[in-house]
Amino acid sequence: MIPRPFEYHAPRSLPEAIALLSEYGDEAKLLAGGHSLLPMMKLRFAEPAHLIDLGKLSELKGIRESGGEIRIGAMTTENELIWSELLQTKCPLIVEGARQISDPQVRYRGTLGGDLSHGDPGNDHPALMMALGASFVLAGGQGERVVPADGFFLGTYTTQLEPGEIMTEIRIPTPAPGTGYCYAKLKRKTGDFATAAAAVTLRISAGAVSDVRIALTNVAETALRASDAEHALQGKPLDDATLAEAVRLAMAACAPVADLRGDAEYKTAMAGEMTRRALTSAYMRALH
Amino acid sequence: MSKKIMVSFNLNGKETDVIVEPRELLIHTLREKCLHTGPHIGCETSHCGACTVDFNGMSVKSCTVLTVQAEGAEVLSVEGLAQGGELHALQEGFMQEHGLQCGFCTPGMLMRAYRLLQENPDPSEEEIRYWMAGNLCRCTGYQNIVKAVQYAARKLRGEAVETSHPLMTADTH
Amino acid sequence: MGNLDTNLDRLAALEGMGCSRKRREDPRFIQGKGTYVDDVKMPGMLFGVMVRSPYAHARVKKIDKSRALAHPGVHAVLTADDLKPLKLHWMPTLAGDVQAVLADEKVCFQNQEVAFVVADDRYVAADAAELVEVEYEELPAVVDPLTALAADAPVIREDIQDKQAGAHGARKHPNHIFTWQVGDKDKTDRVFDNAEVTVTQDMLYPRVHPCPLETCGCVASFDKARGDLTVYITSQAPHVVRTVVGLLSAIPESKIRIISPDIGGGFGNKVGVYPGYVTSIVASIVLGRPVKWIESRAENLSSTAFARDYHMSGELAADRDGRIKALRVHVTADHGAFDACADPTKWPAGMFHVCTGSYAIPNAFVSVDGVYTNKFPGGVAYRCSFRVTEAVYLIERMVDVLAQKLGIDKAEIRLRNFIRKEQFPYTTPLGLEYDSGDYEPALKKVLAAVDYPGLRAEQAARRADPNAEWLLGIGVVNFTEIVGAGPSKMCDILGVGMFDSCEIRVHPDGSAIARMGTITQGQGHQTTYAQIIASEAGIPASVITVEEGDTSTAPYGLGTYGSRSTPVAGAAIARASRKIREKARQIAAHLLEASPGDVEFDLDRFVLKGSPGQFKTIKEVAWAAYNNVPDGLEMGLEAVDYYDPPNFTFPFGAYVCVLEVNRYTGETRVRRFYALDDCGTRINPMIIEGQIHGGLTEGFAVAMGQELPYDEAGNLLGATLMDYFVPTSVETPHWETDFTVTPSPHHPIGAKGVAESPHVGSIPCFTAAMVDAFAHLGVTHMNMPHNAYRVWQQCRALGLTRQ
Amino acid sequence: MKVVLEKVFPLAATADSAWQLMQDIEAVAGCMPGAKITERIDDTHYKGTITVRLGPATMSFKGDIEVLDLDPAARSLHLTGKGADATGTSAASMDLVAAVQASGETCELTGRSEVTMSGKAASLGGRLMGPVSEQMLKQFVANFAARLPALPAQQSASPAGTAAANSQPPQPSVTPEAAAQPSELNGLALAWAVIREWLRGLFSRKTA
C-alpha cells in the first residue's frame, strides 16, 4: 500500500495548473480530493510520474447564484455542498445526494469536480447533474468551453474532458420553486457505491407531471438518463399505471455489470425500485 | 527515487518541519517521523478511520493524504487533544461511558467527534451515528461511543455531567 | 463490626467484584499513548514485506531475487531455500499438521507466502517486493470441500500425500485430514428408525474472518551479544508462542522473551503463529538487527486465520409433541491448505459436540470430516470457543425447523425440551457435563420483555396483508456456550495443558502487583482482575497493578481466547488471593496475639472474634509481613496459583430478534434485539455490557454480511473493507441487554465468562428472524450472509418481488 | 477465474487467404488485443507483452506464447498465452483455438477462447472476465479480418464495429509491427472493463 515515486506540483493558479498539465501531458494526473487516485496509486494500479495538486486553487471553490444559475466551483467539497444554505433552499437535491456519498471524512476531501471528472458510473454526482440539467465549464490551453452534463459521460472513466483540460465550474439552472426532487440510493453500507440509485426532478402542473428528469447511477457504463421513462410520464398524473410503466422503461435502459453487490437482474430490478421511490417522493414533495 | 521536499506544518500547536518524498503518506510521517503513534493504520484504503486527524478544521483520514499536501496546514492529533493537563471532555466521556475497549480505533474516534462537536454542539443519537460513520470499531458496537459523545457535548455546553473516573487528568497512567 | 455506613464505605473503597469500576486501561488509550506492535520502534530496525502467490495452486519453478537484492536499501530476500538449512521452511501448526513458512516448491492458496523482503523501511521494501521474479506453473485448484474427496480431485498436499494417518487418525484420501465421531451411532440410528417425526436440514456456515481493527504483525530483535531473542507480537497467547519459537529455533525458552503489548482486538485472529512472525525472527537472527513485519488489511483478510467454513447437515428425531429424541449431524469442515485449526489437540472439531444445546436430547451422534482445499488456513474461534458458534447455530436452526414442521411455536418448543434446573450437573449424550443452568426463567423473562404474544399477533396481521411491503420476522434463540478451556485431561495445545496462572506480590505498603498468563485485547483485565483480588484479599483495587503479556515476567499461561480468562485465570486469581489471605490471617493473628482460628476476615481486615474493636487491616499486615511474622512463617506476602479447571463453564442466554424485510429490495432493518445473558457471577457489569454490545455487533456483521467468497480458480473475491462487511455506527442496531445469575458450582467465584456468548447466540437469532419472516411460505432455512441481494433472491423465488 | 467462449464469425475473404494469414504466427499473435510479440524463440515459441492503460491506471503483462497445433487439414490453429504482470501480483492466460471453414465465396472463422485470471486482477476485477473475454475474441477476429486482403467491392463483415465504444476499426495491414498499433488500441478498449472493475471494487471512494 505504498505509491510509486512521483514528482509533486502544487500550482497557485488555474493557468499555472493548465500549463503544467500541457507540459507533462500523459505523465501527469490531477489530484483533487484524492480518494480515488491515491488508493489506486497505493495499490500500484496507477503510477503517474507527475501529480498536479489542485488543492491550492481557491478560485475553484465556492457556491453562488447569478443569472438564474447556481454556479459551483469544481473544487467545492461534498460537505460544503451539504452545508450550503443556498443549495438547501434552492437546490436540495444536491444536498440529499451528497449526504449519501461515502463517509464524513471523505466528504471533507472529496470534490464535486473530481467526482464528475473521474467518470466512474458508480459516482453519484453524474446522475444528480443530469437530473438537474447541469453543464460543466472545461478550461484548457485553448480557453473555456461549456458542455451539458447529458452527453458528457462517454464510458467508464471516459468523459468529454480533453487531455490538458480541467473542469473548473458546474452550472445548474436554478430549479423553479415547487420542483419535486429525490435521490434514492440502495447501498450495502456506509461508504459503498450504489447497488443502484435514481435521481429525479419533476414539477406538477394541473395535476400532471411536467419537466421530469430521471437519471440512474451504476447500472450501465455511465450514469444513465432514462429518457423513455421521462416521456412516458410527461403530462400524465402519477398514478399506479404510469408509475409502473415509467419504472419498466427505466429498467429497460439498464445494462449493469454483475459483482458482489448482485447480478445484472438484481441491479436492474433495484434500479426500478429506486426509480419508483424517487418518483414517488419527488411527486409528494412537488405537491407540498 | 524522486527528490525529497521539506514540508512545514503545525502539529498540535508546534511548528514542525519534515523532509519527505512526495509519495510519503501523512500517517507515516506522523507516526514514524513525528513519533505521534496515536493515529493508527487499520485498513490503508480510507475505510476504517483509525488514522483520522483534524486537518485545517476538517476530519481527514491521514492514510489518504500526502504529507506534501500538509504544507502550511494546522494538524491536530489525539496527542494534542488534552490542554494544560486537562483532558478534553471527549476523553472524559469515553472513559466515563466505557466508549472504548481495545483502544485501537479510539484516537480516530476522538478526533472525528472533536470536529463533529465543533460543527454541531448538540447532536442527536441519529446525527452522531451518521456523522461518525467514517470510523469503524470492532469492540464496542458504538452504543457507548454515542453516549460518550453525548457526555462530551453536555459538558462542552456547560451542563452537569457525572465524572466518577478517578483518573480524569492528563498523563495519569 | 462497625456500623453499616462505614462498612459500605470500606466496601466501596475496595472496588471489588460486582461494581462497575471504570477501566484502568483507558487513560493511555484516550491520549494516544497505547503501545501497539506497530508503535514499537527500535534502533536500526528494518522492515519486511511478503511476496505472495497470485495462484491458488501452482508449482514454484524459479525464484529470481537478484533484481530485488540489487535495489538500494534492501538487506535480504528470504525464500524456502534460505530456510531449509535451518529446517525452518516448514513449521508445526496448532492442529498437528505442518505449514510452509515460505512456499516450498509449490503454493496451495492464493496469497501464500513465497518470499520475504527486508529493507530499510516500508517504502523501499514495497518497491523491492515487486522486483522478486517468481515463475509458477499453475495447477488445477480445489475450492469446494464437498468435491475435495473425489477420486480425481487434484492432490493439494503432496508433502503428506502418502501418509495414511494424520494427527487425528486415518485419512481416506490425500485431501482428507480426519474423521471425528462422537456419540452412539447405532443407538441414535435406531431412534431415528422408529421416530414419529424426523426433520433434516443442510446448512452452510460460510467462511468469515475475525478482522480485528489492528492487523497482525511483530518486531523481532535478536541480540547477538547476549544471544537473547525479543519479539513484540500481536498474540493472544504469548507463552505458547515462546514455546513454539523455542521448538523451531532451538533457542532455550529462557533466552526468548515474547511480549504482547497492547493488542488492537484479536477475536481469534491472533491465536496462531504465522509465517511472517517466523521470517521476521529468522531475518533478525541473520541480520542482527530488529525486523518489523506488519500485514496489510488485504493480507490479513486473505492469509491469516479464517473462521467457520462448516458445511453442516443436521437431523432431529422427535415425537408429535415436539419432544426431541435424537440428534444426528454430519459436517464437512473446510480447513484450507494446511490444518492450522486452533483446537485442543484431542478435539479436531473443538467443542462442536456441545451441539445438543440447551435441550435434554437423550441420543446424539456427530461426525466431522476435515478436508484440505486451496484456500488459506485457519479455522480459529472467531469470538467464540472452539467451533461452538457452529454447534449452537446448528441446534438452534434444527429446533426451528422441527417447530415449523410440527406447527409448534418456536418459543414453546424450546420450553418443552429444556434441560431442567434440577437436572444439573447434566451429562449430555456427547459426553459433556454442563455445570449449571436455569433456562426456562431466562427465556420467559425475555418473552415478557418484548411482549412476544403481541409480536406474533402483529406478525399474523402483517402476513394477512397482501400489500405489506415489509415482512416481519421474529427470532428466538436459547443458547448454551461452553467456555473456559479447559481441563488439561481433555484440553492441551501442543501438549501443554490448558491451565492458567496468577502470581500476586503484596508490597510492604499494602499495594500489590499481580501477573497472569492471559493477555487482554480490550476485555479490561487490568480493571476486572484487580476487582477479584480486592474482594478475595481485601486489598483496594486502586493499589493493585495488573501485568500481562510479557513472558519474562508473567507466569506461564495459555492466553486469552475462547472466553477462558475469567473461567480459568480468574479462578487462579481468586485462589492466589485466598493464599495471600490465609497467610495474612496468620500474621494478623500473631499481631493480635490470638490464634488464627480466632480472627475472621472482614472485607479489608482481620477482626478478633467477639471484639470488633480489635483488628488489623491488610495494609498493617502487609507491613508486618516484612518485619514481624510469627515464628516458622516465611517473610513476605506472595502467592502463585496454577489453576487446572475441573470442568468447562457453560454460560447461556436467551435472545429475541425482531427483523423487518423489504420484499421488493431485500433490505432489512433490525427493529429490536433483546439479549439476556447469564454468565454466572458478574465481576463488572459495565464491562460485561460492553462485551455484550461488541459480541452482538460482530454477530450482526457475520449474519448479515460477512463472507469470503472464492471463484472456481481459488481467487479470493472482495478481501477489502469495501466488500468485507464491518458495520458502521449507521448500520449497527441498538441493543437491549438483560441478565440472570446462575453461578458455576465448580468455579471459585462462580464466574463463567461472557465476551463470546453474544456472538454465539446472536448469529442463529438473526438467521432465525430472517427465516421466520418467510416461514409461513414454507421456508425452513436460509444460508448466511443475509445481505439484500441474497434475501431478494429468496423473495423472488417465492414470487414476492414485483413481477 | 475462467471464462470459455465459442463464436463463429463470417470473414470477407477466401478460406485460403485466411488460412494463409493464420499460419503467420506473429501476425496472428499481433491480432490478440493489446498484445505484441517481443521475441521469437522458435517456430512455436514466442515471448510477448500486453500493456493496458486506462485513465490513471496501467497494467503490463509479459509472458510466453506457445503454438500447440497448426493443422493444415482442418485449417486450425491452437495457441496459448500465459503471463504475469510486472508486480507479480496478477497473472492471466488465454487458450485460443481458431479454425477457418470455407462457406461459398468467403469463409467463416471459428474461435474458441478460454481466459483465466489469477491474483489481484481476478480477486478485484474477475467479475468482468465474461464480457472482457468476449471482447477479446471479437477483437481478435476484427484484427484478423482487417489483415486479410478484402474481397473487392465488399466490406469486411467482421464485427470490428462491435468492439468497445472508443475502439477504432483496425486498419488492414500485412506486417505485425504496423498492426500492433491498432490492435493495442483495441486492447485498451476492452481491458478498460477489467481495470474499471478493479477501481470500482477497490476504491470505494468517489471524487478523484
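Order of writing sets the chain letters: A, B, C and D. Residues in each chain are counted from 1.
To be clear about the criterion, a residue touches a chain if its C-beta (ideal position, glycine included) is under 8 Å from a C-beta of that chain, and two chains touch if they have at least 3 such contacts.
On a predicted model such as this, the values are computed, not experimentally measured, just so you know.
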Q: Write down the chain pair with more C-beta contact pairs when A-D is set against A-C.
A: A-D
(Q) Which chain is most central here if centres come from C-alpha coordinates alone? (A) C
Q. Distance-wise, how many Å sit between the C-alpha centres of chain B and chain D, to the nearest whole number?
A. 51
Q. Per the centroid of Cα atoms for each chain, what is the distance between chain A and chain D, given in Å?
A. 34
Q. Taking each chain's centre as the mean of its CA atoms, how far is chain A from chain C in angstrom?
A. 44
Q) Hey, how far is the Cα centre of chain C from the one of chain D, in Å? A) 50
(Q) Going by the contact rule already set, what residues in chain C reach two or more other chains? (A) 122-123, 130, 296, 717-718, 720, 722-723, 728, 730
Q. Which residues does chain B have that touch at least 2 chains other than itself?
A. 21, 23, 44-47, 64, 132-134
Q: Can you tell me which residues of chain D touch two or more of the remaining chains?
A: 87, 120, 127, 201-205
**Q.** chain D-facing residues of chain A, complex
**A.** 29-37, 39-41, 43-48, 78, 101-102, 106, 109-112, 114-115, 117-120, 122-125, 154-158, 191-193, 221, 257-260
**Q.** Residue ranges of chain A in contact with chain C within the complex
**A.** 1-2, 4, 44, 103, 186, 188-192, 195, 260-263, 266, 269-270, 272-273
(Q) Residue numbers of chain C touching chain B in their complex, please. (A) 22-36, 38-39, 41, 121-123, 211-215, 262-265, 267, 294, 296-297, 521-524, 542, 686-687, 689-691, 693-694, 696-698, 720-722, 726, 728-730, 732, 734-735
Q | chain D to chain A touching residues, read off their complex | A | 54-59, 87, 120, 127-128, 131, 164-166, 192-193, 195-208
Q. If you look only at chain A, which of its residues touch chain B in the complex?
A. 1-8, 10, 34-35, 38-39, 41-42, 51, 53, 55, 79, 102-106, 108-109, 190-191
